[in-house]
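My structure is below; once you've seen it, I'll send some questions.
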């Protein structure tokens, strides 16, 4: 991610060309400013995971897998299940990715995606407490980024959402104060489908779903996530450029509008899972 | 610390000047060999900590904070509370400090300060056992070094002592074999006030409380800690120079004499705390 | 280990000389291809360990120490004791060893030795379960490599085997569902003596027990471990050269033949321990 | 009416919805640093040091046309209710990144090619909105270090508690409230340099909270200015405003 | 007759002792990599990317007369029954090493002095014999990257379950069986490049298992060849064989 | 009369207060090292290797006017009653530092500019006073490596148990006694190179313990000398003294 920015030689000519196109409302790949690249959503791709999804946006490709286990609740939320989101930009995903623990970009990625899921209350974490204060469901969502071509935030977010929405977890119940396996595999308590929309400012233009090439020349990035009820639930401005107040309000509006479109697409992608 | 030594160009002229002054019993800042710089002690500086103190000696500035929690005793001391002292020389403290886990200098600092507190029996750790072998108080003392200008050992030691002496911890009691919060906030069981005195040998002269500039040219360092009953309770020689046997005996004597002075100062600094 | 390979300048002349000798069935130190250097086995060298052995093969020197404690079983083997083998090539062992966590060579070393012990069923791990699923013996074997001159795999393996075979562990028994110390120090439940035999291919010749000098020019390495009942129980090909199918079958045969010889030597080395 | 807003419309610490906590900014508090500042915002206590422009280590990280900016946001172990492990958490790593990106637009980094500028923020006590308090202090510390700037950067948060849009969330409001929206701006250039959000805000609430955060920024900017004037020109304008 | 071989002599997944699981190899699955491949062997799903020849970092690791080969075998946290910690385990470090040593003999590394070739294997799902499946895919990915080769490398395991020597162990057989013998070879040069073993095999069983693994390798080699032919020459030979 | 001193004034291991434990020093015990030594002091078993003078890595750490001295004190996991984690503990890091500072004054480092000298101490078994035993062995290993020296360095501890000042504390005395005072000196130059202390000593006890440690050092120095004479001049003086 940042490696991409640093390492791709930002050809000034290419940027000039890109800006010229954008000033006419066009992009290098023919899209309009507010068009996404094709999005594919494939679920149940990892049989050993309780939920999984492979999502591609253009050439960006991500797999999310969900493991559900029992765990101890956090002391400050004794009556809630655990949700842990991790992301790794694998070294096979780009010539600039390196093996090793997640760097600041991968940590930001995981945390922004986590916030979208958590703050939208996609999962009813209260229903995931078995013995409040003692024993709760622990939902681990791990993301392996396989190919990077821009907009990791949205690709990862959609993969996480699709994997969670199609998860069938090992059922437990409490009998006489003891946690017992039921043998059933209920779905997670899904309440809504959050959708993140990532926008880039390049010069004076705001575009959605930037490619790696566009990210290399963008001034600022903003990701806003909406829930299914018209609320914004997470936001993150990124990069060392600025946004005007008008840009922010435009981004808020755009994230809701595009969010509705993509929510439909995700709903179809997760199929029978009722959300 | 060591970075300071390595990085400050040790101007030979400066050292010569300093040695000449010292041979007449004077120092660059006008002090005599056995004079400390001004010492300030301010307690209750961090409201969220159970005890805290900011201590300055000259331009050296340190904050210590105490957190008291419940913990499991160490297997070899089942009937004693836990005392854990950590120190970080923050990167904001000097141009030579680096972010990252404590280096050998910071580890030595924390361990020498810990020894002074522990071996003087400042805290009656036996009184901090609630359920021997099972549940004890755990006293964490963390030190953030904010500005380095020599003599971190003493500055840190005084801050730790002042923070511990003014700590009000959450009270617990044992009712029918169970640990319960009492709602009271008793002080720690303080038995004495240990005082470390750090000396440097530069040429043939022993000085106390060296500045960074003096540390850059010192041959050897020795820290000796005395309790309030005339005993020595901790010692550490440092640096790659030597001490004669006479230097050691002089240092032992000096540490007790200066220790008495500073103990009075610390007693005033911690105010109403009865110690 | 790999550092040795990288750093020793592989003198082509020396290799030519070595190959010429080998083609006549001889080696630099006068051994035949299938001769080991002198092997010494000394047990009970660390009184504080429950078992220990120092083994030398030529100039290669290794100490293994066994500590036995109580532990929780692994979830997937609730009715078995734990066996954990670690090896460190200490920085004092060679000019090319570095301080720090075990590198890939040391990890491979520990894992291959572990496999030989584990898969031969040298220890009856089922007898080391005290309260199945709850409390079992945990057998830690730690290896300190003190001097490297080739064939670490066998030297380490023999030291581990000799240390385990002479271990007297603190005895525990289960009384009314509780684990209690018996005060006795029984031996470990030893079932067989596994013996690893490490071979190197240099050109067309297979030799056993390569020195550092021979390892520096070897094409491939193969370690095969046999138990005392005519079975092979562990194997590992190493290095970036190849073996023919015939080499593999020859190595399998050799490992069993040499294994018998060395098993006798180890049996003598561990003395009264009945194995 | 809920736990966080009482029947008089006042907040847990007695503030009105659009009221800042007491704030204090001091400059030049650390002797070794090239620039430094200290901020108290409610119970937040953050000290910031700037070192640089200085050599870049390792050297191959140096940029030929501008300075490298490095930021570290770190919490002292005693700064929180429960002791914080001193090793950097994922949260601290993320916040360090967004703070760097919030400060960078204000700095004339191309005036210092092949150098590094380090900004260290140490949270001595944390009480909600520590990142924006830290940004406000860091910008002042950068000015104190004499780094060429386009504008100061000033940060403030808004959010929602018990259904009410409020300014400058404290710890309780941050943890138990419905939404938090930290923002930083360059007040003279009218540019947003940091924006994060978590929680749930409708369109109208988002607009209102964003506006409120901008207003809060402008109030804190006055405190920054006064602190700098006092330090460098000895003016008598108070650098501490209980509530202007 | 035991748990792992039934009265008809069939295995837990219905295979005969010498039968491979369904296998599929795809080439060029990752856009950024210089070469890539994907393999499914039973439920194993492994994706491999090759980057290089490229600059060596740090530079002093470069070799004057040949390329440095680096391999990383890594399992995604969701690839196993119980979640795997994403940090490299000792097992992954060992397997990365033996895979590098298994691939290296096939590569003309001296054609690329002072460069590095990186091979990244990601196990998306693991089901026994993932290392040999990964080697088979990695060799195809290296071919896809255009690295000069003496031969492909192909891997397959054999072993023993319930006293019977069998081909291509699955997860259950690996964990509950008596022995596992993963092997890789260069099939045209008749050279073994990887051999590991754990478990218990008599002389005869070892010979039989080794032979069986070699036969398995040759079957998988056909799948590799077909995948490459399909990709590069568009031949219609199926790159997926359920059972040939 | 307490647990650690019996009615006859003898210690838990039967020694008089001013008595050393049996001590043995061997030289040249490791073939690869440039210098090496092995010491047994009671149940302490410490082996030391010296490598160097050699190249400095990374190169920018080299000093233009003298050698860099690096020391590592490490305990094998089996060296203690309870298994020790092999990763370096804070205690080992501190001890490595004070050992380096204890040895450095004895070495003519300016004879070896731009090089590094590495001293590795491995504690195979620990029984109280292992750091001073290690220093005594390390100095001999440095001599064995032919490093130019001003004097040997020799270490010994004194302390207090059951109110009695005693020499050379063993493990039990170290843990259950009242004070420990490890000291190292250059015996011909009469210079202290290491001094640490923990526990409680009055002025008089401190003086007495310090004197006793110095006397102990001089006894151990004879053992060092004899070991070197035996190794290099084949003299028949015993290198092992049970008690001289």
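For clarity, chains are labelled A, B, C, D, E and F in written order, and residue numbers in each chain start from 1.
Following the convention adopted for this analysis, a residue touches a chain if its C-beta (ideal position, glycine included) is under 8 Å from a C-beta of that chain, and two chains touch if they have at least 3 such contacts.
Since the model is a prediction, treat every value here as computed from it, not as a measurement.
Peer 1: I need the common contact partners of subunit A and subunit F, sorted by label.
Peer 2: none
Peer 1: Hey, which chain ends up farthest from subunit F, C-alpha centres compared?
Peer 2: The chain lying farthest from subunit F is A.
Peer 1: Could you tell me which chain lies farthest from subunit D when each chain's centre is the average position of its Cα atoms?
Peer 2: C
Peer 1: Express in whole angstrom the distance between the two chain centres, defined as the mean CA positions of subunit C and subunit E.
Peer 2: Comparing mean C-alpha positions, subunit E is 27 Å from subunit C.
Peer 1: Per the centroid of Cα atoms for each chain, what is the distance between subunit B and subunit E, given in Å?
Peer 2: 58
Peer 1: Once you find the CA centre of subunit E and the CA centre of subunit F, what distance in Å lies between them?
Peer 2: 52
Peer 1: Hey, how far is the Cα centre of subunit B from the one of subunit C, in Å?
Peer 2: Centre separation, subunit B to subunit C: 48 Å.
Peer 1: In subunit D, what residues contact two or more other chains?
Peer 2: In subunit D, residues 82 touch at least two other chains, as defined above.
Peer 1: Name the chains in ring order, counting from subunit B in the direction that reaches subunit D next.
Peer 2: Once subunit B is placed first and subunit D next, the ring gives B, D, A, E, C, F.
Peer 1: Of all residues in subunit E, which touch subunit C in the complex?
Peer 2: 82, 90-91, 93-94, 96-98, 100-101, 104-105, 175, 179, 181, 186, 189-203, 206-207, 210, 214
Peer 1: Using the touch definition up top, name the residues of subunit A that touch subunit E in the complex.
Peer 2: On the subunit A side, the touching residues are 45-49, 52, 59, 61, 63-67, 69, 86, 88, 90-95, 99, 101, 140, 142, 144, 146-149.
Peer 1: Enumerate the contact residues on subunit E facing subunit A in the complex.
Peer 2: Contact set of subunit E toward subunit A: 30-33, 36, 43, 45, 47-49, 51, 54, 72, 74, 76-83, 86-87, 118, 120, 122, 124-127.
Peer 1: In the complex, go through subunit A and note every residue touching subunit D.
Peer 2: Touching subunit D: residues 75-76, 104-105, 107-108, 110-111, 115, 118-121, 222, 224, 227, 230-245, 247-249, 252-253, 256 of subunit A.
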